[in-house]
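To keep things clear, I will list the structure first and then write my remarks on it.
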Amino acid sequence: MRVGILTGGGDCPGLNAVIRAVVRVGRARFGHEHVGIRRGWRGLLENETVPLDARAVSGILHRGGTILGTSRTNPYTREGGPETCVATIRALGLDALVAIGGEDTLGVALRLHEEFGIGVVGVPKTIDNDLSGTDYTFGFSTAVQIATDAIDRLHTTAESHDRVMIVEVMGRHVGWIATHAGIAGGADAILIPERPMSVDSVCETIMARHRMGKDFSIIVVSEGFELEGGGGEVEVDEFGHKRLAELGVGHRLAQLVRERTGFDTRVTVLGHVQRGGTPNARDRVLATGFGAHAAKLVEQRRFGRMTSLRGDTITDVPISEAVAELKRVPPERYALAVPFFE
Amino acid sequence: MRVGILTGGGDCPGLNAVIRAVVRVGRARFGHEHVGIRRGWRGLLENETVPLDARAVSGILHRGGTILGTSRTNPYTREGGPETCVATIRALGLDALVAIGGEDTLGVALRLHEEFGIGVVGVPKTIDNDLSGTDYTFGFSTAVQIATDAIDRLHTTAESHDRVMIVEVMGRHVGWIATHAGIAGGADAILIPERPMSVDSVCETIMARHRMGKDFSIIVVSEGFELEGGGGEVEVDEFGHKRLAELGVGHRLAQLVRERTGFDTRVTVLGHVQRGGTPNARDRVLATGFGAHAAKLVEQRRFGRMTSLRGDTITDVPISEAVAELKRVPPERYALAVPFFE
Amino acid sequence: MRVGILTGGGDCPGLNAVIRAVVRVGRARFGHEHVGIRRGWRGLLENETVPLDARAVSGILHRGGTILGTSRTNPYTREGGPETCVATIRALGLDALVAIGGEDTLGVALRLHEEFGIGVVGVPKTIDNDLSGTDYTFGFSTAVQIATDAIDRLHTTAESHDRVMIVEVMGRHVGWIATHAGIAGGADAILIPERPMSVDSVCETIMARHRMGKDFSIIVVSEGFELEGGGGEVEVDEFGHKRLAELGVGHRLAQLVRERTGFDTRVTVLGHVQRGGTPNARDRVLATGFGAHAAKLVEQRRFGRMTSLRGDTITDVPISEAVAELKRVPPERYALAVPFFE
Amino acid sequence: MRVGILTGGGDCPGLNAVIRAVVRVGRARFGHEHVGIRRGWRGLLENETVPLDARAVSGILHRGGTILGTSRTNPYTREGGPETCVATIRALGLDALVAIGGEDTLGVALRLHEEFGIGVVGVPKTIDNDLSGTDYTFGFSTAVQIATDAIDRLHTTAESHDRVMIVEVMGRHVGWIATHAGIAGGADAILIPERPMSVDSVCETIMARHRMGKDFSIIVVSEGFELEGGGGEVEVDEFGHKRLAELGVGHRLAQLVRERTGFDTRVTVLGHVQRGGTPNARDRVLATGFGAHAAKLVEQRRFGRMTSLRGDTITDVPISEAVAELKRVPPERYALAVPFFE
């Protein structure tokens, strides 16, 4: 079989490990040949490909990013986009297409499968861990580790100066990274989109610690957490508009905490550091498992499905499961953090 | 309730995170008081304890080792040992005892529960990940990461010199660390106790790579892997006896590979570096979850049970499950590594 | 002799290693006794001290922050402040005072020495490496490493997405961290306070790379770099005032680069992560050397002097040298980075 | 000018950074062209080369090892070896040769320069930091950091178990790595080739700590340290010969310490992990400086010289200086460690 591979959406540690496993297992076990599609769906729209043989995937296991490049291009937003993709797939002689990406990328893959009969296999990818259909996705563990390392570093500086340190981490819709990094880093409060929490209650935690003789606190906040009551909102005028949009929730929360507690309050926004660089061991193993399983799904022509981690087992589910619903942090997980700051 | 806590057996990253969670959750949720028992069961035999309040567990989440100390003392190997332990438990006024340890420690806990009615709760601990009754134990992920970091470093030196690098990792009876670190590090062969493999087949892998133009190889071997046929055995004379016992399987394998392939072959024995130092984020979250759940088991007087990870859920099982059988690397997990060197 | 020790100004990896060395060398070699002054000069104003014996400094070598706490309190800005400090020093029976800090802290120490005859010894501290009188200060190497690790991670994400990544690092008046991290991380442009550079020339570098087929760039900028021509200035209105002040040079530069090149441009502001956490090996050795030398200066009553690294040798200079002039990045050092993006 | 580049001897973090800087600075500043010689002098004997243009050195700054490969081949040990090298150099049309290596590699370069008039420029390389003519060499700082990280990890396990941990680090003739890592890691004793020390005095340190209530110790030993009195010598018989040679000083010392103190004593031999993998920031900056300076020496035809770090300045010295004498750890450096265990 001749198999195309593409990566779409934001990058994530472990993408190269998936690509390597699809190629190596596909070749060694099933005699597959592979074609690399450049920059996600854009590569199919523009017919941009790269060879993907044993040599191409040698030495990439530990490398961050994706050797195929990526983009957020969605063919369904372009006139004739899907048809162009299908034409390219046929021109390339592909029997199957492995699409590694998030909700958007997998959604396109599913439609190409359902509407045009393309033999797609999905591999779920999200640094935020917000995809249903799998317990975890690769990249998440690495992101949590990077955030935890930062919190560890901030602890010593917070202690030495009697400061409140606010750490804004990734998580647009859900608080997985904040929750895990907050537990691992021993944060004093964790603010996530799933759980409304008033700024006053955060300030109360800080003051309660103060009364116990602890004059520093670490607050972890997901970028997608919504501050209540409009407090801390940035005033946007007609000229400053674009610039101010960059002031994320971390900075706005800091302003409020500073005003209400009087504590010296500093912000760290980790940003893209969380999604770059070498994947940790766990993400390499998971990504390798996903890639190997994807090759098997291709061989078995079990199309329309995506790889999935269930407990300690790698299995597969219909792609539709992944895109059905956002996976939120369950209360019992979040509760692990709560006794430590309640 | 008044709760004793002890750590037994080899140390492991995450022990302090467990202790901290038992104390914090026990105090905040259930009003428990805690007593620290020093050096495992020895502390009960010799009545050596330390206070364990909020202050004692502050700032220990990220620290390796155990603030309680540990030992391999087994009261059942001493005349009157169990009775002394029980007497100390009663003298200390303990309503429950949380025992954090491996097969041996948990085995003692279970007997004290069954024979003397002591209210024990177990928390499984094994760097080797060889305990049944739980999918994973804390410390394992950190050990795999340390071994993977070492393999990453060895890769560059192997490549530059056309060398065979052998990395001996922990795993006396099972090959979990070797398998995961081998997959994550992209090893060219992985030798584990569960799977006999001849030295000749290892050499054949090395030579096959050589024929493909790759003049270096990385071999990961569990310390408990048995070399077949007595080859590479160390000659032990009456004087050299004790000294030679330190020559582990890595060194003996290197000798054989060197002789049979002619390749410059070097050995790294990671040793105790794998079990020391700060736990990674995943192990801190898991250890915190185990500690919190142990506090709950105490409160509910569900004695004779130990905490357990099943899938992504923290639950509990009878202690007897953990000590029943060695948990081996399943063939499908090992197979993840195989296509890459078969 | 009875010796007081204090740490002032911002914290910095290695402070505890200095404290430990002053105490251990002072005790073992010279029979000194030590008193810890809490939170810099504030501890002398408010007579807040802690015992500082062998036990107090055990296990702190690798810990970030400062066990003594720190503050930016300057007694010379308070009515009667210096006299209060002197009175406390006498009441504590101190024969000497080791002041570990930056320009401000050392300046106070020098005045107390000159005006009141207090036996002070200085240890220079600045994460920015901007103090004259010493080639390097501890903490700088660790900060450079942290910034370099971040750049390494951002490289993979920049490559995968065809992005411009801007990294804002510490350096209010000088560009040492930006220059060293930029060289070490292979940045495509480095902007430092010492060297005016137009945004247009930065954009030209980015476009030149684009013409060579490289659609990503990494720009490192010191927080103290001044953007020319008012471009990218934040409009500050009467309400938004305080909030906008947090928008540092990185965000403002990103806005301009985005507008002028059309490239997707992202910002990472490392902030306090750079000054927290465990010092690297080099900083521990340097801090230990400074502490040991400070103890010797105390014993020899060579007051008014501070420790200094010259080449590979630890020596001492008058405190006045440190506070005389800002140490700037010399052109030949910066030139190391230039060929790589000229 | 047309410039050949080769790397000889053991690999070392930073080699690729040197190669990259020689090529980039040589091209951008001076219009040089470059030829990569494979595997040190062997590449000249066997005329094995690789192209070395801008593309070849892109993305290698942070990679360990050497993209050129290396070997210990010395042309002067072969009949007609030097003449073959010279013939290859002429056939390749090289105007200059940059030789990156240790005493052996630089010695060959010097002889080719003196005996045949080849335009060589040297760049000193030694993980052990034992070359005269330069304060430090790249790779050393990374090796010290790796050893320090290991000591940090071993500390927690030593403490938890009341153990003596022996760490054997690189250093065949000198103790630079042991001294710096020992100071940085807070070792309780440091054994280096430059300073004879009896096993009894090591044991006395351990027992003195025991009397002070500290039941664990960390001992760092250079691989080249000679145990006095033949104690701990391995009995070598005619069959066991080769195998036993692998039992380094760490294992033999452990045997003696165990026998004399009765403490549980464990050994970690870090081995090649110390020389592989990504260079730290400091080594990348130093290696880049060396490479840039080597390009300049080539342009100025200042042959027979090698790059050198003096204080904080990169300069150059005659190659003969480097190979004249072993650079030993000066007593005042070692003394930094002494108060902590005397």
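Just so it is clear, A, B, C and D label the chains in written order, and each chain counts residues from 1 on its own.
Methods note: a contact is a pair of C-beta atoms (placed from the backbone, for glycine too) under 8 Å apart; a residue touches a chain by one contact, two chains touch by 3 or more.
Keep in mind that what you see is a predicted model, and the values were worked out from it rather than measured.
Colleague: Could you pull out the chain whose C-alpha mean position is farthest off from that of chain D?
Modeller: Of all chains, A has its centre farthest from that of chain D.
Colleague: Let me have the rounded angstrom distance from the C-alpha centre of chain B over to the C-alpha centre of chain D, please.
Modeller: That pair's centroid distance is 34 Å.
Colleague: Centroid of chain B to centroid of chain C, CA atoms only: how many Å?
Modeller: Taking the mean C-alpha position of each chain, the two centres sit 40 Å apart.
Colleague: Can you list every residue of chain B that touches 2 or more other chains, as numbers and ranges?
Modeller: Only 152 qualify.
Colleague: Report the topology of the inter-chain touch graph, choosing from line, ring, star, complete and other.
Modeller: Contact pattern: a closed ring, each chain touching exactly two others.
Colleague: Report the complete set of touching chain pairs.
Modeller: A-B, A-C, B-D, C-D
Colleague: Where on chain B does chain D make contact in their complex?
Modeller: 10-11, 15, 63-66, 69-71, 146, 149-150, 152-162, 165, 234-235, 237, 239-240, 242-244, 246-247, 251-252, 254-255, 266-273, 275-277
Colleague: Quick check on the complex: what are the chain D residues that touch chain C?
Modeller: 24-25, 28-29, 61-62, 135-136, 141, 144-145, 147-148, 152, 180-181, 183-186, 278, 280-282, 284-285, 288-289, 292, 310-312, 336, 339-340, 342
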